[in-house]
Every structure is written in structure tokens, then in C-alpha cells.
Amino acid sequence: MSTPDEPRPRRRREPTYLDALTFALDAAMDEDPRVIVMGEDIAGGAGTGEPFEGQMGGTWGVTKGLFAKYGPTRVRDTPISEAAIVGSAVGAAMAGLRPVVDLMWASFAPYAFDQIVNQAAKARYMFGGQAQVPLVIRMSVGAGLRAGGQHSDSHYALFAAIPGLKVVAPATPNDAAGLLLSAIRSDDPVIFLEHMSLYRLKGALPDSTAGIPLGTAEVARMGSDLTIVTIGASRQIALLAATQLALEGIEAEVVDLRSLRPIDWDTILESVNRTGRLVLVEESPAGVTISDAIAAEVNERLFGRLKAPVRRVLAAASPVPFSPPLEDAWLPTAERVLVAARLVCDRLPAGRD
Amino acid sequence: MSTPDEPRPRRRREPTYLDALTFALDAAMDEDPRVIVMGEDIAGGAGTGEPFEGQMGGTWGVTKGLFAKYGPTRVRDTPISEAAIVGSAVGAAMAGLRPVVDLMWASFAPYAFDQIVNQAAKARYMFGGQAQVPLVIRMSVGAGLRAGGQHSDSHYALFAAIPGLKVVAPATPNDAAGLLLSAIRSDDPVIFLEHMSLYRLKGALPDSTAGIPLGTAEVARMGSDLTIVTIGASRQIALLAATQLALEGIEAEVVDLRSLRPIDWDTILESVNRTGRLVLVEESPAGVTISDAIAAEVNERLFGRLKAPVRRVLAAASPVPFSPPLEDAWLPTAERVLVAARLVCDRLPAGRD
Amino acid sequence: MTDEEQLEGLLAMLRIRMFEDRVRTEFAKGGMPGFVHTYSGAEAIAVGVIGALEPADLITSTHRGHGHCLAKGAPLDGIVAELYGRETGLCKGRGGSMHIADFANGMLGANAIVGGGIALAVGGALASQVLGDGRVAVAFFGDGASNEGVFHESLNLASIWSLPVVFVCENNGWAESTPFSYASSVSSIAERGVAYSIPAVSVDGTDLTAVRAAASAAVARARQGNGPSLLECIAPRREGHFVGDPEEYRGREQADQARESDPIDRLAEQLVARGILSAEALNAMRKDWSGQLDRAYEFALAGPWPDPLDVERYVYS
Amino acid sequence: MTDEEQLEGLLAMLRIRMFEDRVRTEFAKGGMPGFVHTYSGAEAIAVGVIGALEPADLITSTHRGHGHCLAKGAPLDGIVAELYGRETGLCKGRGGSMHIADFANGMLGANAIVGGGIALAVGGALASQVLGDGRVAVAFFGDGASNEGVFHESLNLASIWSLPVVFVCENNGWAESTPFSYASSVSSIAERGVAYSIPAVSVDGTDLTAVRAAASAAVARARQGNGPSLLECIAPRREGHFVGDPEEYRGREQADQARESDPIDRLAEQLVARGILSAEALNAMRKDWSGQLDRAYEFALAGPWPDPLDVERYVYS
């Protein structure tokens, strides 16, 4: 698909999540010649040799500037061939490169599911540790752009259900940069999920290129009355809800999961153990979700210590609808987080969640 | 892949799960000329016109006899092209057929994930109810055959996470026949998961071709002390465990989920509400599972009414290993169900589960 | 094509063009949600191919589906209302531009997955073969889509089963920002026919009569039970990939070149030169359609939004 | 090929054949877990192609991977131990026959997913091109695999990027129970080369010298930076699809025909006729290898099982 109609704000005073991704890719390519980026339209005007070749830099401009700096050998536009893109990246990773694939939208990933599920995720295990697959697969995820059913999936649960994959979903510019650097340096395949509503979010970049360890959650806001665990863009709506809750006298702790596989159980359990209340926010259709897995584990590990049932704020159990009022109803919202939080804190008679 | 080495026992006195599937396919094809079956090697010797054409009848012999009875127009061997097999079946379903696809092993399904996730599951919704996709996709699932990492997945959670799909996993000959008949008659795409360890299981077939409603669980054994919810072949190990538990004075109720999407919440909640204790058994790698979703929901709906934490008996968080001792350790077992049940019933100090 | 057919074809193409021009304007104004990809410049393909079909025949489409929809006879009101996400839209607002469909007229959906419609059309043809109802199915897809694996699998399957399907590749020279010449290992998609023993031709996709002739032959072949055909129609992409595309990846030159051969101007000039069409008649056509478009926009914008409580409706039957 | 190379090649083929004969016997006895697919009849392909490679070159394989493994130099002990699921196996028992691999020798894995190795080899070639280390990658795959979409995508990608990869199709006429002639829209896989502008040849896959000559040309082309080649090697399937296959889907005739041209007998006869090899020397070879096999089985069966507590080891680095 495509970029939204407004011109792209690049390199403003305060960097955006997009800038953070570009920064990390650049730093990683700079430090290690084995890092390459590949995907559809990540350069633009491929093979023309004209001045505009490489000017586009991907659907969102994340790879802008990389073609000029690193050239066509390391910044590779591909045909629309998701299976071969990922499959060849897996093979290249086995053979010594550290490819970063841009799959555009997570909704296109099913075309490459054999390569993700059967090849990338299993190789190290099946071959008894002989294979390393240092591969990152970046994708835009998320609804809200009125892009309709085939461009709005996040597929968080699908990816997180696969042993052998690491899965991350950064929610701030700082995390986008830090986690992407660590993902590229990881010797395991990492699925890197970028919510489209975050691309223009501003915030500081990390001071260094040290990276942020995969597998760690972040406490985005401290609080003592309840814990809200979020995935990706849900962090923003949870923080919004937390501000309102504070006005109501409820101090919510917001834990941004960041790493969807493996999960940072210590941080979650420590927080819920303290607050005794848990709300989970995830933009996945109700049914089988990461929030379910967290709720199950927390209920088991903290049995008898919870003050209220764990509540999940999920997307509707349907594909993503196009029509704005339907899509708005489909999405988890700050309003729905508020309702769940009040319920969990006994501030409201049980009603529609 | 292939069939195990022993000769196939066909049409013995007491029918098997395999016979049940054949029976249902035959009945469905007989009653409705729009039903076709298609897949790799479901006939055998395709196009030879020799007496042996159609003799094979699929990896497990399920489609044996259908080629002779219904001919090459309705019993179609395909090339090894999972995407086109499922994609064309989706299109055929939209255009008036009721195809039953045999994908062989669930591990091959990722090749067809675009067609399953983006086409079959979404068509009805995205097109505002215009499209019907009366399609069944059958697959063998499950570990235990020493088939290794790329032939042993069940992918229960992946399928059950997709709105728009119905997902069933019969565990007895009776259910295999009844659910397959209903799946074929359903106007929605149904993923039909057959655990390989069940194929030779004997049991009565249904008296009629009425079918068993999708979306209903079955109480496989009544009991008052705890509820064990099972998926597919886990029913057998849970029943085994229940027999042992009874000797120990614990009466377990075994609820066979049968339908993994949608889930029969009424049956589960009624049972757990009565017993106050829940163990879930599922052959999915730990991480994100259907059992997690059930545990989360039960904990929420029956908060404060559970006598013990819900326990999940899952597969290990890895691809399926080839080596027998590893694969045995990977699988959920009756032994592990026993341990979990005793724990939940407070008959044992907390130990390794 | 008879003179009358050519006139009709011109009108059909004009309708698509004017429809898209209007969409572009309205989209720029805001209020039309989501993403829109126009069909401008490729009108002769939809009109030429679908003109060779019977009403009961089936088509599958792409992210660029307006032209196919209109040519297959979808009601204008329902199309526009769909673009606005209204309950009165063809897909009750659930689909939008990228998933527009009209099953009543055999249009089995635009598809926002590149290559997504190819196997579906093979399935339509399979249904026809099994039911013996004589329908032909057409898969429209882009040059970019022909690099998807499902293209390969679909053509092979249709070939060995001799299915009544026509594969129509709309080669506009670009897949988003990527030139066809870079992404494809052949200089013409038609060269791939031989890998499937499928007869393949490449025609000028801006020449309505050429497209129609090739399509008629392919459809006849399918209808007679002789199997699939591959028809490449070359029609350079005149506009950005989507409405609002800044086109940083190509120069003005490339864009201008693409505009040189306009299927509508070209046919209109011929018909005027041959005295079959007058400037006045052309204007009257435009005016009439323009009025219909006005009314369709009014209808669409007056239409109700879907009820948010219905968000989980239509997931299952 | 020099006489010496031919002798070496014969020995390499003999080793594979005897290895498989032994596997079949042991499998029938029980004790060898899982599924086994033999390479019998196709030995000239693995030996001919891999003989044209340097040790640092890479290969990807199929569910029928024993031959590729042995030819690429994998240690016999590790192979046999792997088939028995022992900690001493090449994959520490995690893989088994269908996932045998030897990364140290550039064998990037058997693949139980049909077509699974094709794109991986393209990736190996991509690594070579980026790193500039001159390695060539070879993808082995069956005739059935060539109908998978990933075949198409891989060949297109390798072509436009001019990658140093050789696509070797082992056409044995069958994909499980399905004849090649039924499932494929072409009469020879080599006919598909033109769809990717990739030079393609079809050779007798039971003729070691023919395979080796064609492979050498393809490898040289790749090594010189001139891009991929497609090499079809025809070698009829002599046995059932897997060990224990009742083969209900073909007649004795088909199976017998497949045995007519045996790559090993054929070369051995030639070498004997030409006086390069004596019956005694051949017997000595057999005996020596037979002894090595005995020792490998001993090694394998004496090997420890993996520790069940390690079930989640090797998932991540």
C-alpha cells in the first residue's frame, strides 16, 4: 500500500519513532558490514540509475538515505515475493549475513509464513544448534488508518505463539531505536512490529547505540492501585487512561510489555503482586491473545492474591472493518481501558466492557 | 510424508476414526453434488488411467474408494501447491462448490496462510456478507510419530486466533464423523484438525448423518472434584489420568472442547463452577495457547469461586524434537495431567509440573 | 468490435475515468477514508476484457478495483457509498476501496493482497467445470503480482486441469516504486506462458479493440473447454501508485511518458474522425454521467453509518 | 571427468547406495525412529553436482537428504547417530532423517517442507554476493517441489540479482503417488528456465559424467558472477516414496522401468570394460565401506540419548 497523504516530517528538532528506526538501521549498518536491508520499495526507482533511485526509502521513509550511503548491494529493493524475500533472508542469515527484512504490513506476512514458522523459527533447534538465524523482520502493524481488513492486522498472537521467534513491539522512539539495534545484533530471528499510529510520535532517542535487551518490559508509569500491561500502541492509550484515573484517585502502573516473546514475567508479577489488580490492553481480536496468556499465568502464579478479576481490553472478534465508526468500535480505546480499570478497582458497577 | 509402516486396518468389525472420516466424506458427497475433495495424493496415480489410479486414497487412506465412486471431477489430486489448492478452493466455494481440502499435515499449512487468513477467513466480513465460503480444510496434526520439527505441529492456537475461521478437533470416531458432516454443511470456512494418534482409535459411528453442531464441547466423563478441559488427542490422556485419579478418590470431569473456535463457554463454565478446579491439556507449545484463553476467561468469570489455581498441561516451548526421549518430554502426558490434577486438588506438594 | 460496441466501450471507459477523477477530487478534499488507487489509463483493459464476458461470468480484482467493478456492472450508488464506508455501500461499508465487491454481478472482490485474486479466479473456473455451467472466470492482476508464488501455482493448476480461466496481467510498468524491468526476470509477462503450456499474448492495453479481440479469443477458448490463457495488457501507469503519492521514485519524464497513449482520447479521436461520434454527443455523455455521479455522491453521503454495535456482524453466516 | 574422478565418483555413489540399503534393512528391523526417504537411483545427481563444488560452497536439500549429506562430506558417524536420534548425531538427535544437516560442511539442512530449501539457497548465494567470498550455492529439490510458489519467486529473485546459485531439480517422475506428467504443466522442468531468463538444461540424472559436466558449467557460470542456472536431472524413482511405502498407486511395471537405468551399475560396467576398475577392486571398496558402516552403526547405537530435561535447549542462542 502506501503512505498517508501528508508530507513526511523528517529530522525535525525532536525526533520521531520513524527517525529512531532510521537511526538504528544506519548505526547497525555502519558498525557491521554483514547487515543488509531488503524488502519491497525500501529504496525506490530500483535499477533506474537515475538520481531519484533510492529516494523513496520505504512506505514510511524509514530506509531513506540508506541507499545513498550503503548502495544497492546492501539496500535491496525486492520483487513482490514475500516467501522468497524471507526465505532468502533466512538462508543469507545462515550463511553469514544479518539481514533486516521490511515486509511492509503485517497483513502480508502470511505469504511468508512457511519461511517464518518452518524455516526461521525452527532451524536452530532442528539442527541441534548448528544454525544461527540472525534475522530481523520488520512490519507495520495496526488498525486505525481506515485501511480495511487486509492492511490492518497486528498478528501479535500468531507470532508470539511460535517458539524460536523473538517478538518485539516498541512503543516509543527510544525503544524503537534500542530494540531494533538489539534485534539486529541478536543471533535469533526477531519479528519487529511497528504500530503505524506511533510512527509520528516524538521523543528522545537513546544516547548511545548500546541497545535495549530483548525480553525486558518497561514500567512506563509507576502506580500502586492497579497494573495495566500494554502491547505496542496500547501503551499510549493506557497512559492516557492513567492520567484520567489519577484524577479519579486511582494510581495505575503501566507496564509496556515491549517483548512479546519471551515475556518479562518478573516485571509483570512484581507489579501485579504489589497492586493486586490487572488490566491488559492489546490490539488483537478477542479469541486467543497474548493478554490471555498473561492473564492465565498471573492468575496461576498470584492465585488468591488478586483483589479483582483480571480484565482484558481487546479488539473485537472480527477482521478489521473499513468503515470509521466500525473501526473505532473495533479498536481498544482509552475509554475502554478506563471502564476496565474502574471495574477492577470497584469504582463502577459491572457494565459493558 | 507418509504412512507408518504397518498395513492399514480398513473396515474392521469396529470402525476407526479413519473409517469415520471416510464415512462422513462419502455421505456428504452422496447427498450434495457440490461437495468435492481435493489435495495432494488423495487419489493416487493421478492421470494414469490405470486400474491403480485412485487406489491410494490419501496419506492415511481417508479418501480411499471415493475416486472410484465419484470420479476425477470430484476427487482431485493436486500438484504440491498449497497456496493454489486453498486459494482455488476458496474461490470455488465463493462460486458455488463446497470443497473439502486435504492439506496433509498442519505443518504444511503455513504455505497457504495468506489464503486461509486473508482470503477464506475475511471474505464474508470484508464484503459485508456477500461472500459465503463453505470450505473445509482437513489436516493431520500432532506429535508422537518421531516425524520431527516440520511434520508434527498442531497449530491449534494459530488457527483459533483467526476470526472468521471455525476450528474443530474431533477426538473420537463419532465426533470425527459428526463434526466433519457439519463442517461440510457449514457456510463458513472450517479448519478440521485430526490428531494422528487417533486415526486407529476404534469406536461407534453416529447412527445418522445428522452431524454434530459446531461450537459444542462434550463432557467425556462426569465428575465432581475437578474439570479437565482437553483438545483433540488430549482427551485420551485425560481419560487415562481420570481413571487413575478415581482410584485415588478424585472424580475428574473431562470436557472435550471439540470446537476450538468458537468455544462452548457454557459447558466449560458450568462444569468449573461446579467443581471449582480446572486443569487444561493441550498439545501446543507453551507461550500463547487456547488453554491460556480458557484459563483467562474462567478466572475472570469465576473469580473467587475457584478452589485452586488453574493449571495448564502444555507441550514444551520449542519446536517438536525428533529424538524419542525428547519428543516424549515435549508432549503432554497422562502422567503430567495426573500431577497437575493432584496439585489442583491439594493432594501433593507443589513440584515440577 | 462493431461501431456500436466501440461507442459503448468508449462510454464505459469514460465513466471509469470520470469516476476516478471525481474520487481524486473528493479524496483530496478529505472525508473519503482510507487509501485509494486509481485505474486511470487502464480503462481499456477492464472494458475490453469484461466486454468479452457474459454477465454470469466471474472476475477477481486487485487493490485497483474501481474499473473492474464499474465495467462488471456494479451499481454506482453502492460503489460510492462503499468508498465512504456507509451501510448502503456494496460491502455495507466493511470493505472500502481496496475490498470493493459485487457478488451479484460476479465481481468476487477487489483484493488488497497483491496476487490475492489469482487463485480465487482459478477456483471460480473450477466451480464452473465441476458444475458444468459454462461460466468463465477472469483474474486481473498487476505486473508486480506476477512475481508472487501464487501466480505460478495458479497457472500450473489451471493448465493441468484445463480450467476456463483467463489470466489478465495489467502491466503498467511499475509496482509501487519499483520498475517492472527491475523486478521481473522477463521483458514481458507473456513470456511466462510457456512455463505453463498456456497460450499467452501481449497487447497494447490502451487499445480497446486490441484488448477486446485478444480477450474474446481467450474467453472463447475457455468457454469451449480448451483451458486457460494468459493475456498481458500493457498500459503505462499515468499517476502515482495511490492518490496522494509524491512519486519521489520516478522523474516527471517517466510520468509524462505514461500519459502519452490515452485509451480514451485515442478511441474518441478515431470515432470522431470516422464520423461515428460527434463532439456534442461526447459532451452529452460526459454531462449525463457527471449528473449520475453527483447523485451517487449525494446518495452516498446521505447514507447511514454502520452501527458500531454491529462490529462483529458478518464474521460468520 | 578424468578416470580418477570417475572412480571417485563411483565410490561416492556406491557409498550412498550401500548406506541406504543398510538403512532400509535397519529400518525394517525396527529401532530406527520416524520416516525415511531413500536417495537410491539418484546418486549420480548428488555426486555429480557436489563434485563440481568447492568445500566452502553451500547446498540445501530435501526430505531425501542422505545422499546430499554424504556427498558433501558429512561424517558417517554423525549421520547414522542422527537417524537414531542420539546426542552424538549431527543435529544432536533433534532433526532425524528429514532434517539432517551439516553446517560445518556447507550442508544447510535437509528440509521436510517440499520446496523449503530453494529460497534458502538463494539466500546463501546472496550472502556470497554481499560478502564477495566467491561461494556458490546449490538448491536440490524434486519435480514436485517445482510446483510450489517459492520455486517461482526464488528463480525470479536469483535471476534479477544475478546470484551465484544453481537450481538442481531431481526429476524422478513422481511426487509421492502423483506422476510428474499429471502435476506439471510442462514436459520438462527445464522448460521453465525461460520464464526467468535462466539458462536451463535437462540431463540424464543416472549418468554421472553428464551430470558433472552440466553442473560444472553451471557452477562456473555462477562463480564468474554470471548468475543462476537451472539444471534438471532425470532419474526415475526406483523405490517407494518412503521406506515401507506399499506403492498402491503404481504398477510393478512403473517401478521396474525405473530400475532399468542404474547410475552405479552403468558407470561400474563402463569402468570395468575400460579396464580402469576390476571386479576385485570394486569388491574391496564395498567391503571397506561395509566395515565403516558397521562401525558407524555401532557408534550410533552406543551413543547416549539426549537428556529429556534439555527439551527446550537450542531454541534460542
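Per-chain numbering from 1; labels A, B, C and D assigned in written order.
Following the convention adopted for this analysis, a residue touches a chain if its C-beta (ideal position, glycine included) is under 8 Å from a C-beta of that chain, and two chains touch if they have at least 3 such contacts.
It should be emphasised that the depicted structure is a prediction, and the values quoted were computed from it without experimental measurement.
Q: Farthest chain from chain B, comparing Cα centres?
A: Greatest centre separation from chain B goes to chain C.
Q: Can you compute the centre-to-centre distance for chain A and chain D, using the mean CA position of each chain? Integer Å is fine.
A: Here the centre of chain D sits 40 Å away from the centre of chain A.
Q: Distance-wise, how many Å sit between the C-alpha centres of chain B and chain D, to the nearest whole number?
A: Here chain B and chain D have centroids separated by 35 Å.
Q: Could you tell me the distance, in whole angstrom, between the mean C-alpha positions of chain C and chain D?
A: Spacing between the chain centres: roughly 45 Å.
Q: Out of chain D, which residues touch more than one other chain, so two or more?
A: 91-95, 99, 111, 113, 116, 147-150, 153, 156, 160, 182-184, 314-315
Q: Which residues of chain A are in contact with two or more other chains?
A: 78-79, 81, 83-84, 107-108, 111, 114, 118, 125-126, 148-150, 163-164, 317-319, 321-322
Q: Counting only chain pairs that touch, give me the topology of the graph as line, ring, star, complete or other.
A: Looks like everything touches everything, fully connected.
Q: Mind listing the chain A positions that touch chain D in their complex?
A: Within the complex, chain A touches chain D at residues 34, 36, 73-74, 76, 78-79, 81, 83-97, 99, 114-115, 118-119, 123-132, 163-164, 166, 186-188.
Q: Would you pull the chain A residues touching chain B in the complex into a rising list?
A: Touching chain B from chain A are residues 107-108, 110-111, 113-114, 116-118, 121-122, 125-126, 148-150, 153, 157-158, 160-164, 261, 284-285, 287-293, 295-297, 299-301, 303, 306, 308-312, 317-319, 321-322.
Q: Please name which positions on chain B make contact with chain D in the complex.
A: For this pair, the touching residues of chain B are 1-5, 7, 40-41, 43-48, 50, 52-53, 55-56, 77-84, 107-108, 111, 145-151, 316-319, 321-326, 328-330.
Q: Under the stated contact criterion, what part of chain D meets chain A in this complex?
A: 58, 60, 89-95, 99, 101-104, 108-109, 111, 113, 116, 118-124, 126-131, 135, 137, 149-150, 153-154, 156-157, 160-161, 313-317
Q: Residues of chain D touching chain B in their complex?
A: My answer: residues 33-35, 37, 63, 85-87, 91-96, 98-99, 111-116, 144-145, 147-150, 175-179, 181-184, 241-246, 248-251, 305-312, 314-315.
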